[in-house]
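One chain, chain A, appears in both complexes that follow, with chain B as partner in the first and chain C in the second.
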Partner chain A sequence: MSAAGGLGLLVALQHGDSQFPSGGFAFSQGLEASSQLAERLGAFDFAGFMRAQIRHRWAEADRVALVRAHRLRGDLARLAALDREVEASTLVEGLRAGSRRNGAALLTTHARIGTPGAAAYRAMLRDGAAPGHLAVVQGLLWQALGLDEATAVAISGYQAAASLATAAVRLGLVGAIEAQAELARMLPLIETGSAAPVADDEPIRSFIPLAEIAVALHGAAGQRLFSN
Partner chain B sequence: MTSHWQPPPPGEASVPAATTGVPAGRFELAFLRHGGRTAVGRQFVSYPFHLTRPFALDSAIPSLLTVYQQSSSGGLYRAERLACRYDIGARAAAHVTTQAATVVHDCHGQPARQTVEIALEEDAFLALTPDPLVLFPGASCVNRLEAKMAPGAVLLLADAFALHDPLGAARPFDRLASEVVVRDAAGRLLLRDCFRVTGEALVGPSSPVGGWRVVSSFLLLGDPARLPVREDLAALAPDGHAVAGVSTLPNGAGWGVRCLAADAVAARRVAELLFSISVRAAFGSAPAPRRK
Partner chain C sequence: MDARLSPHGKTASRVGAARVGIGGPVGSGKTALIERLIPAFAARGVSLAIVTNDLVTAEDAERIRRSGLIDPARVAAVEAGACPHTVIREDPTLNIAAADELEARFPDAELILIESGGDNLASTFSLDLVDWWMFVIDVAGGDDIPRKNGPGVLKCDLLVVNKTDLAPYVGVDLPRMEAEATAARGGRPIVLTNCRKAEGIEAIADKILSAVLFR
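And then the complex of A and B:
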């Protein structure tokens, strides 16, 4: 944390807190459909789903986009180019739309509280100059707040796992205590995933075919709790 | 079991790095439109590839030429480098496929590398539908495909792999990496589909493919007027032996289809159906069955 000492930790806690209004509660990344379509997709296992998401989506895609965005140090034109790369690298519409909506929501909150760069990048979203994917927006904002790269990655990884745990509780797949136990088991995996080096032009990679199919089927379904 | 490279017994020296004398097979074809038909123009084919004569299999679609890409080597081997290039001229139409699946043998940590370059001119059509890679224990493969598409062009890309241990011991492949990059005529990035995965990651309840055995990805790219509509793609896997998810692609590039199948037969059924749907959308007539 480059935000000085104990203050940096407090800033990280504020922005990692699920109470921070970011809009992420509306998305399950295929968890809802995977659990409800088990007869068609195969046996559902919440811990396995979460592990696959962290290893094969967050560590290889969201984390990479976040790190690359953080390193751009508020260069909005280059952030927009990275943002377009994330758009081109996210094949399934439900995941693209969810990431854009989360990014826009987070940006709106930060524009209101005056985080440097937030209002200007939000204007670029409005003009269609950038799609506003969540990981890119996080990299922009958390760097602007003085959080270092490692801290930003830790918040991102924690939120990715915690949001799945919250979704699982809301869907009734696990209880609140069990969700926290599973979240704790996920932390070493996040730490391991965080350690892989990221080149400045590292591709955005993702390999979650089963979850992508679930998201695609989810989009065609009627009654549902989450947007993806 | 076919194995052209035997691992050393325990305690002996590991497999030496194959950095010199590695064959670099090339398969390069240019397709040109002549009147109502497509013909092969420039071609360069070197070992292990083999090209028989092209086929006009579709009487209702005389412009569509079919080529079977064959290999005389029995699969992909460690450190092998293969390069393919397809140039599809304006209004030319080609289907490039294989006769059978391609086995990727134990690569002993030195992956086989395949690259494909595709250039489609105005109103061109290419369906590149190779049969799946069959990843044997220890198999390691790095694939890269880059395509550039002019206005009006259509491109169908099929990419699939299957897990197989000839001994039935469920030994995993080593690793697979893939990158597909599609740009428009101006060089603007439309799509980048990129992954890397180890065989071990596909074992157990945290596998991102569940218990399915064949993983397929299809990209239907290009002019929306020549692509299927969503309703055409609604029932790709109706029988429970496969599941498929259809999505619009970024930047209006077309359709993406992810498919997981229980076996090669179910995967092939989906692939054939998608090929048929795509050809019908582009030409107004369904293609004849491709014999393999």
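And then the complex of A and C:
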């Protein structure tokens, strides 16, 4: 955190808190689809799903986009270009649309509470000048709030895992207490993933083929609790 | 301390279409009420858009889109992620974004109805999301519902008691149920409806016009 003393930590806690309105509760990142299609796609277990998501999606794609967005220090035109890169690198429509909707929802809260850059970037979304992917929006907003790169990455990684754990509880895949044990086991993986250097032009790449196939199949089926 | 971490000022005010929430338990008749309200508002010259929150995908949104009563493009669906309370109260951002998008696409819209996913009596709307909201219960759910003092029944701007035609068949004393609901709400408004026969619909449309659109 760039801020001295306890205020930076408190700001990080506020923005890492799942109570911060961001729309994130409505997305399962393919967990619902993968768990329901296990018979067609092979064995499913929640811990394995979460590991794959953190290692092969969050660390290599979301985190990279977040870090690059953070380094752009509120340059909205370059953020929009990065945003389009995320759009192009996210294969499955369900995950791509979910990330855009989640980003737009987070911007909604920040525009209302007056976070610098939020209203202007939201206007760009409305004009079609930027897609509004979650990781890019997070990088813009958390940098604007004075959170340093490492803190922003930690919040992002924690939220990626915690939101999966919450979705798993609501889907009845694990109990609320077991979910916390799974989350705790995921924290070292997030730490390891956070340590990999990110170049300013680092490619955004993910490799979660089974989850992507599940989301694609599920999207066509039409009956689901979560947005993706 | 980084100056950017200073506490924010007041939240931004909003100018645009009025937003009215419609909450209530599963099966109480929220979607049927909307299907009756659409022509009632059309007759009053009110330009309308609708957001639905479905427990599963976009079932209610599709029903309204296919009704032929409204341009399907004016109906947006928001998935509630198995949390129908959360999406209208603790985290209404997806609904706000959906309503904002409708407003941007249809600048003539004066009123946006936001239907909650079926929920229980504890469900309430955030005033970040709506300007005014109603809660729909039905007589077949039992005449003891008003006595249970659920926040939905107590806090809404208008309580709608639907399916009044079923009262004799489910052993409900309708005048007593109405009296108990009125007492529980401290005299705040109640409307009795039978959506199947469009009874009580005009009263709700007029109430929204005067309370929300100031006509």
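The criterion applied here is as follows: the second predicted complex is superposed on the first by the 228 of 228 C-alpha atoms of A that agree within 3 Å, B and C clash if a C-alpha of one lies under 4 Å from a C-alpha of the other, contacts with A are read in each partner's own complex, and residues count from 1 in each chain.
The rule we apply is simple: a contact is a pair of C-beta atoms (placed from the backbone, for glycine too) under 8 Å apart; a residue touches a chain by one contact, two chains touch by 3 or more.
Here the structure is a predicted model, which means the values were calculated and not measured.
Student: Determine, for the superposed arrangement built on chain A, whether chain B and chain C clash or fit.
Tutor: In the superposition, chain B and chain C stay clear of each other.
Student: Which partner does A:Ser227 contact after superposing on A: first (chain B), second (chain C), both, neither?
Tutor: second
Student: Applying the document's definition of touch, where does A:Leu76 land relative to chain B and chain C: first, second, both, or neither?
Tutor: After superposing on A, A:Leu76 lies clear of both chain B and chain C.
Student: Between chain B (first) and chain C (second), which, if any, makes contact with A:Ala88: first, second, both or neither?
Tutor: First partner only.
Student: Quick check on the superposed pair: does A:Arg112 touch chain B, chain C, both, or neither? Answer first, second, both or neither.
Tutor: A:Arg112 sits against chain C, while chain B stays out of touch.
Student: Take the Cα centre of chain A as the vertex and report the angle out to the centres of chain B and chain C, nearest 10 degrees.
Tutor: 120
Student: On the A-aligned overlay, A:Arg96 touches which partner chain: chain B = first, chain C = second, or both, or neither?
Tutor: first
Student: After superposition on the shared chain, which partner residues are touched by A:Leu187: those of chain B (first), chain C (second), both, or neither?
Tutor: So A:Leu187 meets neither chain B nor chain C here.
Student: Based on the superposed arrangement, let me know which partner A:Ile208 touches: chain B (first), chain C (second), both, or neither?
Tutor: In the superposition, A:Ile208 touches chain B alone.
Student: Quick one: minimum Cα-Cα distance, chain B versus chain C, in the superposed arrangement, integer Å.
Tutor: Minimum C-alpha separation, chain B to chain C: 18 Å.
Student: Considering only the defined contacts, which chain A positions touch chain C in the complex?
Tutor: Within the complex, chain A touches chain C at residues 2-5, 7-8, 11, 19, 21-28, 101, 104-106, 108-109, 111-116, 119, 126, 144-146, 167, 170-171, 222-227.
Student: What residues on chain B touch chain A, complex-wise?
Tutor: 179, 189-197, 201, 204-212, 215, 217, 240, 243-251, 256, 258-260
Student: Using the touch definition up top, name the residues of chain C that touch chain A in the complex.
Tutor: 1-2, 4-5, 8-9, 11-12, 55-58, 78-83, 86-87, 90-94, 96-97, 100-101, 104, 128
Student: For the complex, give me every residue of chain A touching chain B.
Tutor: 40-43, 45, 47-49, 51-52, 55-56, 60, 84-85, 87-94, 96, 203-217, 219
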